[in-house]
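Shared between the two complexes below is chain A, which has chain B as its partner in the first and chain C in the second.
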Partner chain A sequence: MPDIRHTHILKVHHLSLSFPTRKNPDPAPVLNDVDFSVRDGEILGLIGNSGSGKTMTAMAIAGLLPEGAVITGGSIKFAGRDLVSMSAKNRRKLAGKDIGVIFQEPMTALDPLMKIGKNLEEVLIAHGEKDKAKRHDKICSMLKTVGFPDPESVITRYPHQLSGGQRQRILIASAALMSPRLLICDEPTSSLDTVTTVQILGLLKDLCRSMHMTILFISHDLSAVKNFCDRVMVMKEGRIIDKDNTMDLLSHPKNGYTAELLTNARLDPRILGLERAMVDYTKSPILMTHELNAGYDNARSILKDVDLKIYPHEILGLIGSSGCGKTTLTKAILGIIPHTGDIKYKDSHIGAVFQDPVSCLNPAHTIRWHLTEPLKAAGIKLTKEETEKRILSALFEVGLDEKYLNRRPRQLSGGQRQRVAIAMCLMLDPKLIVADEPFSSLDASSAAEILKLLTDINREKGTSFLLITHNIHIVRQIAPRVVVMDSGRIVEEGLTGDILTSPKSEAAIKLLTAEKELHGSN
Partner chain B sequence: MTETTGRNMRYLAIKLLELLATLLLVSFLTFAAFSIIPGDAAGIMLGPNASPEQIARLRTELGLDKPVIVQYINWLGGAFTGNLGTSVAYKLPVISLIAERLPVTIGMSVIATVMVIVISYPLAILSARKPGRIGDQVCSFLGHVLFAVPPFVLSLLLIIFTAKFLNIFTVGRYAPPSKDPGMFIGSLILPSFAIALPKIAMTFKFMRSAIIEQNNSEYVKTAKSHGLGNIKILMTHVLPNSNVSSITILSLVLSDILGGSLIVEQVFNLPGLGRLLLSAIARRDFPLLSGMVFYLALITVVLYFAADILAGLADPRIRLK
Partner chain C sequence: MKTKKSSLSAAFFITGLILLGIVVLAFLISIVHTPYDPNLTDVTAKLQAPSSAHLFGTDNFGRDVFSRVLSASKYTIFISFAGVFIAAFLGILTGLPAGYFGGFKDRAIMLFNNSIMCFPGILLALVAVAVFGASMFNVVWALGLVFAPTFARVIRTGTLEIKERDYITQAKVMGASPVRIMTSHILPNLMPQLLPATVIGLANMTLFESGMSYLGLGVQPPDASFGKMLADAQAYMTGAPWLIIFPALMLILYILGLYFISEGLRITLSGGDN
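Up next is the complex of A and B:
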């Protein structure tokens, strides 16, 4: 509902965008008649599945469109000036000064060769701050604002010496340094853990209020949007199909697609039809570790005396904030890194599914090649017919069919790639599959599908899962037992219901507080 | 800061130890190789009519009758004190023979290296600006061609072209640097260019893809969002990051240039190390031969050492690991 009391800082008017080529001069538009306004001082959320055009919209406003993108119609008015027809030189004057951008991946968004101080100073120099002492003061006070109490020590550091959350703070500092009127945040928290996400969102909200910034917040994390944004827009296939106040839109969606998106994001086991296998805890564990220690160099062990049991048919949840040793534990179990201590496993193969299905598959090879690879690696020799039979059954189990066999990874969506990764595990029919953040690079709809697939495999084949995730909601829904890690140790373990309602360890309390803050009480 | 300095010193010390170890290994292998290949220095020096007694006496004089390992240790002791022995064929200290020829080889290498950097970097930057454009495609095609042609063929083509058609170059005109520095450098330019051309092609190809990769990186996007201009982003972000990997390639290019100069100076009839090396092999002049191989290995190893240090300077992630 438009409110005439507000002035609009940004007006996107019937914007269309496509990637024309010489062969196809008039392709299907990536953005199709996108039309919205952002009010001065508000936080406007933009949600939708991958490929819906969220990022392209943001980049069009920020003037950072990729090579080949052409705006075919419409206008973008920022504070009354049209950005589409503006010269590159004038746009550069706006960039960083009046429009700031924060990106998704803090690990790669900072120049690895440049010290933090220099990185920040560049922004000030580019916008004409000539006095060196003034620059230094401004950088220090901004670093304090974003949560570095001792800015002098941060200035001389390199990006690789900081954690992901710290780097995201630096990027926020660099974007906010010139007090821009509009801050575009493109999935700023999706690579961060829950605790850090809550901190970063809090920081952005503070900045928004204290510096009178307007924020365009793009995310596929609906719980972040719910607590953070004043208004929300929903995008699908390059169009904005729904917009409303956050509360109205999220609690009483009128649009059918929005309702579907919300259902998927809630990962409700009844609606998704999740049904997991029954676990018999009197049986002997399928995997047992005893005093497991492991690390990346001999001097320093990251895991400290980890005793872990996984029972047959069980989905065991493993939670903890970034850097607690979750991934190191999976690597040690999979035998990728050296360890001391015992790992007893009753079967010969352990399947593994990782976070990023893009980099886990070899772009040069077909899906068929990927599915035969586990057999070769395990030294299993089958006849051609047997191999073909096994490939097809693995493929059907993950909900794909034979027409995918000759495609290459880039021809698949993120969710489909994750399915291929799971099918690769199934080729060896392991009793245990380790899944390290298998949902976090997927949008809500694909995540819901993969989650359903994992529980189906668990129920139908009795496969055990070690499920590592920073999404406590998912753990609550599908894992009967949960293990909490902190600084390389298991600090708490037990039935999911018990731990999530009355956590005892400091790490678990911290995680759950952050989760509650982010997701509300449901 | 002191912790960082300590780490830097340790990095330097490790690299120095690696350098010494490599040098020892290379010298041992050369020495071993030369004692295995057939042919006897004493026999060749005295000619086919020498009696076995004469040959035996000369072998004792040269120390060739001692076990190889003793010969090696004696030679190594000399090498590290700057005494590489006396050439059997020239009857002159090996050091002074090498010193006399070195200016040509080093001069050519330096000029070729400067050419590689001065020509390939700007071309790579221009090409990478708009990959796939006509200019980029022409450069890439020329790069492929030049990369495939060996330097001695290029030398001949260059001689024919410049001497015959342009008439600006006379083959065989050479003056030592002490007599006529101008003519010395002038006589080296064309051969240096012949060595440099394939390396320009190689460095261009490499730098071009390195720059394109950096242009597409996330931090370049961040820099653009900060309002930095294209030239500023190129100079402060893209080039330093491309350089990290190009330092390693450049050190390979440099040692290739050194090897290439040995061949090309034959074609251009220049008195460099190449000709000395050939004659030493033909006459089984072991002291000269092992001295030269040791010297060339030293230069190469020092180059790699310098590359490692530069890579550490350019990239804090290597230095502070």
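Up next is the complex of A and C:
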């Protein structure tokens, strides 16, 4: 029988939060009158673009607000107790035991100097489990639950010896050890590939049912939310603007903003106006590799005899799960790591766009410097006026204007930084741009904009792209040809339509099954 | 709290600047004018207590202590700044390539640096000055060399971290040369580590210089330096305490000022985004 009082395990009541400073004691609120409740045992999704206040909401509930954040109004009631007015000591008792948190980045959330077993033991010690043998048993059985068949060998390993998906499992294990009643998952799958994402979501769902956990699931990945959550809330500018059952909200959005989010996430080429260049496959390839082998140390090669062709004007999709050698291949093509075998390239420059918009620009320099640097590095000498002209045209092409020139990277959003990175490529007007997961750190709206930008450049300038991604959906929309990699080899290549409808290699089948599970019939 | 932090760092900063400002003011005045020639002896006015004619009194040779303090601040500031400049330059010259290239180059450079650091710094500087002769320029060189490994370590550690960032990969893709990557891509990002190290370096170098001058291996007589003045004043400590008080006070102001500034820098930089 459900207890009526506990039907709602968490009630967030008109919560407001801001970052007041001495200069500005009353700034615009980061959270503005956030009001929702979480039902016992449900999986509640919280979606919205970057900066909409999703993470702040989660941190306020978990009691992990950053320095300077002040709750200016409202309350958070967890099982009837107000968390806002609670003392820090009582709050710590709740943390981990009743409220667990899983973060986005599984590498930084684990102490790199502690073995997995020790990392997990810390949680139990913090909550007063004194018996060492008991701790060991608990950890081993939990590791089995999260999908490690041989827990004894896992606990002696260090975090860096595990893959991203395995580390995320460890984090889930560590959160689930105390069997918390509420588990807050902040973008737990954003840095994982499709196959792993599906596994992790399945695991969370199982745990939710078997341990009677309630999950607050924060994500900008709508497809992950779709098959995982019971209810969904949409956040925009610190407010919750829409909430409904997942199916109703995602299939018949009533709110205009929700509909816009959905459109962006669907990446429909017609709605977004994506139009790529026509490719003439009778022309000779612009880049050709032959029996390419490369790795980080001489002894072990990660790439194994890779033969790759990229044609002029082509957007070539490169897919594969994490650790298949995609990034190593790009690094070899870009000439950053030593390789054996042939790479024939018809132009002198290759542009590169990387995944992380935070570290792709140099924080010490202005945008103007960033755009001048490619010319200097390539030894191209232009007059001041010519340089200025080129900078402005590259900047306009990526949809920015001259007012950004004197700004520094930290004053730009993730999408804007990614635009600057693309503008840097355009300065040298390369025939080929290698884009390594350029969308995966961006929210759906920014990703859609960057995707449109890439296809525009492809169509208008005829630039070829090697697009590396684990998002098969994007490949389907814009890449005419696709290459599938697994364990350092190219296991399948051909027209995107053919491969995505009737995959032959095991790796492609696995990717597509996972994608289907995640995106449904979409 | 962010606001508390920034006001705290501002307080440290302003206090440091005021303390340091007094010494810098003395240095600036000494360039333009000193009431007496700092090295002019006057046997008729030996060991006079502070008065309107001699603000800080006179020493055992009848030299005006106020003029000597002003002139000594000149040497202290010059030696510490020149020494830190050399140390930072050598540190960057060795630390950047060590961190950036890694491998054999790194091990060779750091082995050399670490072996310098094995010796007590002051001893090494004393030996260098003893071998090459006691003069102000030798002191600057010796101190610069002794302090270089500290800078090299700071620079190397920072470089190791920054070289893994995507913007460095991007620079490599653009075809930037290693020298260019090190100087214009990595070095500007090392300022948060380099600035406090420089300020602390200034303070430590001043202490070393005073120590060496005290032992007679720094600034050579008859020129005045705080350390030498303290050494000379020792014999007259009870009868003429002003001989000790004023140079010591200046040293304290200078070093304390530097420490306050570096503390302010540390708080500001650790709170900033990176």
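Everything that follows uses one rule, which is that the second predicted complex is superposed on the first by the 516 of 522 C-alpha atoms of A that agree within 3 Å, B and C clash if a C-alpha of one lies under 4 Å from a C-alpha of the other, contacts with A are read in each partner's own complex, and residues count from 1 in each chain.
Here, a residue touches a chain if its C-beta (ideal position, glycine included) is under 8 Å from a C-beta of that chain, and two chains touch if they have at least 3 such contacts.
All of these numbers come straight from a predicted model, not from anything done at the bench.
Chemist: Following the superposition defined at the top, how do chain B and chain C come out on chain A, clash or fit?
Modeler: Aligned on chain A, chain B and chain C clash with each other.
Chemist: Is A:Ile337 contacted by the first partner chain B, the second partner chain C, both or neither?
Modeler: In the superposition, A:Ile337 contacts neither chain B nor chain C.
Chemist: May I ask you to decide whether A:Ala378 touches chain B, chain C, both, or neither, giving the answer as first, second, both or neither?
Modeler: Only chain C is touched by A:Ala378; chain B is not.
Chemist: For A:Leu428, is the partner it touches chain B (first), chain C (second), both, or none of the two (neither)?
Modeler: second
Chemist: After the superposition on A, what does A:Leu110 contact: first (chain B), second (chain C), both or neither?
Modeler: A:Leu110 sits against chain B, while chain C stays out of touch.
Chemist: Give the one stretch of chain C, out of 25-33, 115-123 or 151-159, that collides with chain B after superposing.
Modeler: 115-123
Chemist: Any idea which chain B residues touch chain A in the complex?
Modeler: Residue positions touching the partner: 217-219, 221-229, 232, 236-237, 240-241, 244, 314-317, 320.
Chemist: What residues on chain A touch chain C, complex-wise?
Modeler: 19, 21-22, 67-68, 331, 334-336, 349-352, 354-356, 359-365, 373-374, 376-379, 410, 421, 424, 428
Chemist: Which part of chain A faces chain B closely enough to touch in the complex?
Modeler: Listed in rising order, the residues of chain A that touch chain B are 62-64, 92-97, 99-101, 103, 105, 108-114, 122-123, 126-127, 158, 160-161, 171, 174-175.
Chemist: Which residues, counting only chain C, touch chain A once they are in their complex?
Modeler: Residues 1-3, 6-7, 165-167, 169-177, 180, 184-185, 188-189, 191, 273-274.
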